[in-house]
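Shared between the two complexes below is chain A, which pairs with chain B and chain C, respectively.
And now, the complex of A and B:
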């Protein structure tokens, strides 16, 4: 992972993120795919997109980013707990 | 003899503008002790009222105010700043740093706390304090004017607390001396890391919960109005998502203090250092997954209750690791029972009792019986008074010589310890039984002949013992300042870096940054026959931050804005935020490069530096 953060890695990430964006637009734009598939599908490629962004463009795949990553994940963890509490315990 | 940070000047202006972590620690300490006394007085009033059945010392409304402010003051305005005082005093010294990463932010954090606490407590004189309990549950709290003071005071001091947490995380991650790897950090520093992370992630939900309350009170929002699609347990969930990590972020630094003190008084390296670090992190992590155990009686159903009950019992595992490690540290050591040592040793059984009742409360079926009785009161006072307060006292006696250069009086200290130990057990042990006999919490009086009379009397007598103990402590501090015995550099045969520098330390802490070659670096160097640490750099000019009055004015602006919100005065809000905004603007455009100070022993000739 650490060795890959050169020019090539960025190009691949760039191409992939465009591909993911296009896929999302196609999935919605076609209008023929069922909603039950499209919504989870674009959510999942959205998450993949976010990971690409964080890893390549925010440079989190490079060395010395252990603490930012740890704390971002902890932040997500705390945020998910709040969402979970509201969605499944308060308004269940 | 190096000039200490206390020698320089001693004016009020100097204290208002200081950005030195030791002085800010001192400010936190005395503000915390003041609110500890205020909260203690409130506790005493509560116990006097409950001393006899049908007592009319306080009426119901006053009792509710005093009880609410006792909880709020003790948790937010006493325990938190006292622990921040130790973090400020000790953490930079333990990691070999000259100050914290953001000295300006550090000062701002203190003043935000100070004005937030002042705002909340001013409610006593401005039409009644908050009276819905320290949890301030939503539909009930909405009926009282005092809730506004609760919300805005905590919002301001909470923002200060988050700033300080970010500051400590940055300091510890970026400013450690060479060789001070993460797994060589003393336990108090480690617990500061975890507690700061908990503050960052727990105070954010609190801010959210307080905003809900504020919008409901001031702008007629409908978050808790069932008819409009709101939900009454929404606040409870968000509050406890904050509230449970809150108690862990208070107790973890207490664990850290105890770990350092026990290693020092046992003259032994801490047993199971790595498992202690692991347990600290694990407690912090699990702390986020147990909040609903405060709400078993809400009616979330047996599945949710069991899941949260089991998650809660899991906390007992890392805590157990810690308790056994402390005991194993003492076994085979030469345990010194000085005052710090006494408090540290008595911390263990007191905390274990609190932990055991905690596991009892975690079993949700039993909790339906315990809920809202004095059993709960007894449980959390064993954890907070037996745990956190005793740790604070231990830390106080342990680090006082380092910070103030004088030894606290041991005779007075031991008297205080025994008075406190007796008083605290007398007050709270019997409350377990009061709870089991059915006495509900948060009642301002009770009928005679229900079997509660004697127990309540005993409990109140204990409160007087604790009061006497705290008065002895205050006397001890005054006597020590007046004519205390001067402290040597290393009075406890310490193990960590703070004991390798003079007491009190110079302004810049370390004239030369030390190299850390082992866990317990100072002990290691002493065992190698060295009289001082190995140094990482030659003696040179030291870059230090400039003092500034801006943080205080900036925090004062939020204080005015707080009153503006409470009295629905847009003028007040704009004036307050205007002051804060102007301060931020000045801070942003004014370059402040800090100053260079000359450490002791560095001679300057014609602009060329030679070390002596």
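And now, the complex of A and C:
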């Protein structure tokens, strides 16, 4: 992307967010797609959307953002562990 | 837009990072964000564990309706975009334009909250309350806590706007606006996971 933090980049991020959101809602709203496909599908496009928003809107794609990226990634790393622990291990 | 254009406006290219204090605010803010990510993670983890423990009450598939969730999602997404516009106006030293976009952001945030209150009232009528089931408790804790973040953001940005209503943009206030907009984006980011994991997963079953 030529203009990483320009007006255009933000509009692209917005259009992508809307597109991914609509896709997720359609996948669920149709009601005909099997559950084993829909769950991972909407989870993956949710994560994709989160990455886009973090890159463009929270400006993590700009230079000099190594610290914020480290903080956010360690936050999400801990988040994933917690979600896995609660939703599987705790139950056994 | 080059660096020179910004300087012609009387502000450094990144007024929010021009001072030591501004940079320190940003580091502190990012630390806070990662702590918030972990906090929401514990709520998400709890919700994932209990999302089917309905205790005879209504299930997510019975409660959630696509139009309502989609409207709320669209409102929050647009509000994130308007707060980006506000920051871009700030960096160009266009104070009234920045205030306009932040005011739009606040209004959208308030309408999101209105919709959420309406939604919760609906659910309570249908027998889905904080104490009705583990699903209810974890749902209201997670979604309600996100709603509280939206409310805090609305109050925060409104206060900033009122406090600095006549103040031109300078390197002292710029970090304040910038951090508030980052917070707003984070709240929107959490909602992406809420509409996916709580609502869409809930509708699938």
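The rule is short, and it goes like this: the second predicted complex is superposed on the first by the 76 of 92 C-alpha atoms of A that agree within 3 Å, B and C clash if a C-alpha of one lies under 4 Å from a C-alpha of the other, contacts with A are read in each partner's own complex, and residues count from 1 in each chain.
One rule holds in what follows: a residue touches a chain if its C-beta (ideal position, glycine included) is under 8 Å from a C-beta of that chain, and two chains touch if they have at least 3 such contacts.
Predicted, not measured: the structure shown is a model, and the values here were computed from it.
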For this session: Using the superposition on chain A described above, determine whether A:78 touches chain B (first), chain C (second), both, or neither.
Result: both
For this session: On the superposed three-chain arrangement, identify whether chain B or chain C touches more chain A residues.
Result: C
For this session: For A:18, decide between first (touching chain B), second (touching chain C), both and neither.
Result: second
Problem set entry | Which superposed partner A:87 touches (first chain B, second chain C, both, neither) | second
Exercise. Which of the two partners, first being chain B and second being chain C, lies in contact with A:53: first, second, both, or neither?
Worked result: second
Exercise. In the superposed arrangement, does A:37 touch chain B (first), chain C (second), both or neither?
Worked result: neither
Exercise. Should A:7 be classified as contacting the first partner (chain B), the second (chain C), both, or neither?
Worked result: second
For this session: Please indicate which partner A:28 is in contact with in the superposed arrangement: first for chain B, second for chain C, both, or neither.
Result: second
For this session: State which residues of chain A lie in both footprints, the one left by chain B and the one left by chain C.
Result: 67, 71, 74-75, 78, 82, 85-86, 90-91
Exercise. Contact residues on chain A for chain B in the complex?
Worked result: 67, 71, 74-75, 77-78, 81-82, 85-86, 89-91
Exercise. Residues of chain A touching chain C in their complex?
Worked result: 6-7, 10-11, 14, 17-18, 21, 24-25, 28-29, 35, 38-39, 42-43, 46, 49-50, 53-54, 57-58, 67-68, 71-72, 74-76, 78-80, 82-87, 90-91
Exercise. Chain A touches which residues of chain C in the complex?
Worked result: 1, 26-27, 30-31, 33-38, 40-42, 44-46, 48-49, 66, 69-70, 73-74, 77, 80-81, 84-85, 88, 182, 185-186, 188-189, 192-193, 195-197, 200-201, 203-205
For this session: Write out the stretch or stretches of chain B touching chain A in their complex.
Result: 169, 173, 197, 200-202, 204-205, 208, 231, 233-234, 237-238, 241, 288-289, 291-292, 300, 304
